[in-house]
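In what comes next, subunit A is part of two complexes: it sits with subunit B in the first one and with subunit C in the second one.
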Partner chain A sequence: MDYSNQKHPQNYSQMEDLKTLDLEESVSETIMRDLRMIAYKLKYVLIPKEQEDNGKELRNWDLWGPLIFCLTLAMTLSFKADSTTSSSKSDVFAIIFVLIWVGAFVVTLNAQLLGGKVSFFQSVCLLGYCVFPINIEAIIIAFVGSYLPFVVKLIPVIICFAWSAYSSVGFMASLVPPHKKKLAVYPVFLFYLFLSWFSLIV
Partner chain B sequence: MSSNGSALKGSATPDLAKQVLVQKLAQQIVNQIVSDDVIDDKIEEEENQNKEPTCCQMFCAPFTLKYYQPFFNDLTTKVIAQKLWASFFPFKATFFEIQDGKADLYGPIWVYATLVFAVAAAGNISGYLATPSNIAFHYNFDFIPTASSLLFGIAFLVPFAIYMVMKMLGGRHLHLTSVICIYAYAQTCIIPVCVVCSIPNPQLQWGALIYAMINSSLFLIVNYWGELEKNIQAKKHIVIWLIAGCQVVLLLLFKMYFFLYVYTNPYTGSRFDQLTKIVHTDHFFLHHHQQH
Partner chain C sequence: MLDNLNQDVSILQPSLQMTDSQIQNRIRQMKMEDPDDQTCYQKFCNLFTIEYYREYFDVTTELVIAKVVNAFNPFSGTFFDIGGGIPELYGPFWILNTLIFTTALSVNIIKYMQLQPGEHFEYQFQIVPILTIFMYLKTLIVPMIYRVALKCVSQDRLTLLHCLTIYGYSAVVMIPISLLNSIPNPAIQWMLLVYVLFAQTSFLTSNFNQELKYLPKEKKYMIVGLVAVVQITIMILYKFYFFSSINYEQLGLVKKRTTTHLLPHILGAN
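And now, the complex of A and B:
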């Protein structure tokens, strides 16, 4: 095993080699390693330059990242729920949580039914990671949104929505044959539009 | 194992001989396992071909993905676009000529999903614009679960009712999925209507919703006219009233729940008024300025 790569693994297989030690290490180390893994995958998914191998890295899917981003988004949006909406905080949290997981499920099913040969969890993992920009815009608007006019609020919303959509569309479009591309891409677009709309109005 | 004797004679050390022996044993074991598996699979396949589907398999079929695959085969963007376009022109009965009337389930799922978003957003926008500026507006998140239950509920129930009624009155060449499919495409005209209804003017909203009602009912009736004329003849008005009635109820529900709050008096100072007043004040100011 090559221990020189322990701090900065160059690829995921080197990270996997380190996993054999996890019974002997402290809890904080395990958690930090998982967080580093999530950060690594996040960089891979969201920064287009890193994708030279056409999404093969996503074969090592995990659902921790999507769960963290989903929970953060739901908590951010329900944080201000009492003052701006007529539903309670728990209603808002529940709606967003269900929307993200059911939405990812349905979008993946759609891609599979249209003939895309992708593993189910790989696609859910990708859609979950691409929720991260929506997270950023929700946090920005939650903290400074009340001081800004509507038009200024639109700018981060549009940028983050475009970023999410662009990151996931590249992967989704490559799954299905060319004459069905728009059919597979439109649901992804609708999914992120729905989430961006929530972060805008709350 | 007869080849082992020759391997042992030619080997340099006992360790090397042991390694070779172990490798050959391992290979033999793996071959045995693989061939056993292959034989097992072949036997299972033959058995499955001879068996009829069990009761469990018949009931569980709708829960598998394979069951819905036929409705997504041969779908292209062009076909869906043609179907969507056809739904805006109810006087031409061309829907069943697109791809030989093959039903697809892509339309129902995504038309209703878009409608949920459109109705929830438009309902809230019209409520926001209709409230006076001094009253704080509370975004109503309950529109989303309500809209989803309503729309995905009617997506199955109303076509089922239409299908049963037509079948009982003697209709032939009907499939439940085909009725679900055409009913969903009939609802696509409500999406632009929702966008228009974001403006809280009551006359505009009623006008737009009545247009949606007429468009969707006509689309269904015109496309089923051939079927109605041929097989049902005398009692076709039952089906027509059923379709029109369902659409009227749906759109009344929309108006009464999602687009309930409108301003009645243009001078109450709603947010929509303020938006339009800004435009009027600017014009007045410019005109006044130009006179001097």
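And now, the complex of A and C:
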């Protein structure tokens, strides 16, 4: 069966329309389809020009993207961690993993408690996708960080932190009533600051 | 049924300014008094719904900022006048998390600045879980101590949540201090410790003083004294546990001797 000339599905609900027979296609095709969906959502979240419909695309949340970015970040940072220091590699991995998921949970809970009416997983999905710039800076610092002085290392950290914060702030601020906007935005800011500081210091 | 309840609420207290979530909580409470109308879930699991806690997060940005600014002022006892003295949990919770972050940051900065030449920087991450536990326990237990003391003098106007709110906001003073603590000069560190001790204790005592104006003098001073003593103990623990790694010989300030940590000595360890 030839599926090559069909449009790539962008979310799971579009997939059912195509009536693809999952059991017949190869594993690489399944994986590529999921990866394409993640890439589409990533472009949507991180590049502000793509958001024409004010976040409606995010209703098709998925947690694969956040999981992949969380795992890559935790693996990059623990790979870079020396095994001779007091914090072993597994400590760093565990701390990052727990921090990302518990942090996303707490920030979303905060937005809901302040009166925002948003689905819980939608917000966790967004916060997870916005961890991607922190991933980029962690990889940059892991590979070239030992050759650069501290001040030069600060530049990609600040740029990537500003990028993550800016992408997620727009969405979070739209959830709560106007006189509580800064209250909902501050925890997001703190969350990404914490993550950026971790990736800088390792 | 619900219409009746709405009318009851407005008849009872027509002039009371209540926020939306307070009204909803009141309606739910009145509903709970009618045993036919509650499901088993409502009876026992109300604690686990989000709506139960929404009442305590009913704040605006201006209110939080006003309370934070007031917390920096150690002498005016007007904390409970802001926003009607409604207890809230947003401020204490996020101030706590910011404090954990800044203390972890400054502990690592101190270690970095004290690197011998040629030594590799060992960041310290286990400080984060320890800090979290210390801060959260402190913020949970100390207001309980206050509440128990207030109950002993039979003062019921300040509930546990009021004590939690004021204690959480009083920790704001520690945030800039913990950042400044990263300067490895011991004289500056001691000055900062004295300042934060003074600021936080006098903020708490002047506010409690204001609230307990009508109590007889001995009971009032007992409460206020208890607040001060607990505060001093906690600050000393904080300083000696988290910031004790400063290496005095390296800075050339004292003659060479083995570094001693006070806390294990106090606890009787080797």
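The rule is simple: the second predicted complex is superposed on the first by the 181 of 202 C-alpha atoms of A that agree within 3 Å, B and C clash if a C-alpha of one lies under 4 Å from a C-alpha of the other, contacts with A are read in each partner's own complex, and residues count from 1 in each chain.
Following the convention adopted for this analysis, a residue touches a chain if its C-beta (ideal position, glycine included) is under 8 Å from a C-beta of that chain, and two chains touch if they have at least 3 such contacts.
Quick caveat, the model's predicted, so the values are computed rather than measured.
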Checklist entry - Given the superposition on subunit A, are subunit B and subunit C in a clash or a fit? => result clash
Checklist entry - Between subunit B (first) and subunit C (second), which does A:W197 come into contact with in this model arrangement: first, second, both, or neither? => result both
Next on the checklist: Once chain A of both complexes is superposed, is A:L113 in touch with subunit B (first), subunit C (second), both, or neither?
Outcome noted: both
Checklist entry - Which stretch of subunit B would you flag for clashing with subunit C, going by 3-11, 255-263 or 273-281? => result 255-263
Checklist outcome for this item: After superposition on chain A, the subunit A residues reached by both subunit B and subunit C are 85-87, 91-92, 95, 109-110, 112-115, 179-183, 186-187, 190, 193-194, 197, 201-202
Checklist entry - For the complex, which residues does subunit B have touching subunit A? => result 65, 68-69, 71-73, 75-78, 80, 106, 109-110, 113-114, 117, 121, 124, 138-142, 144-145
Next on the checklist: Under the stated contact criterion, what part of subunit A meets subunit B in this complex?
Outcome noted: 81, 84-87, 91-92, 95, 99, 106, 109-110, 112-115, 179-183, 186-187, 190, 193-194, 197, 201-202
Checklist entry - In the complex formed with subunit C, which residues of subunit A make contact? => result 82, 85-87, 91-92, 95, 109-110, 112-115, 179-183, 186-187, 190, 193-194, 197, 201-202
Next on the checklist: If we count contacts the way the header does, which residues on subunit C are in touch with subunit A in the complex?
Outcome noted: 21, 50, 53-54, 57-62, 64, 90, 94, 97-98, 101, 105, 108, 120, 122-126, 128-129
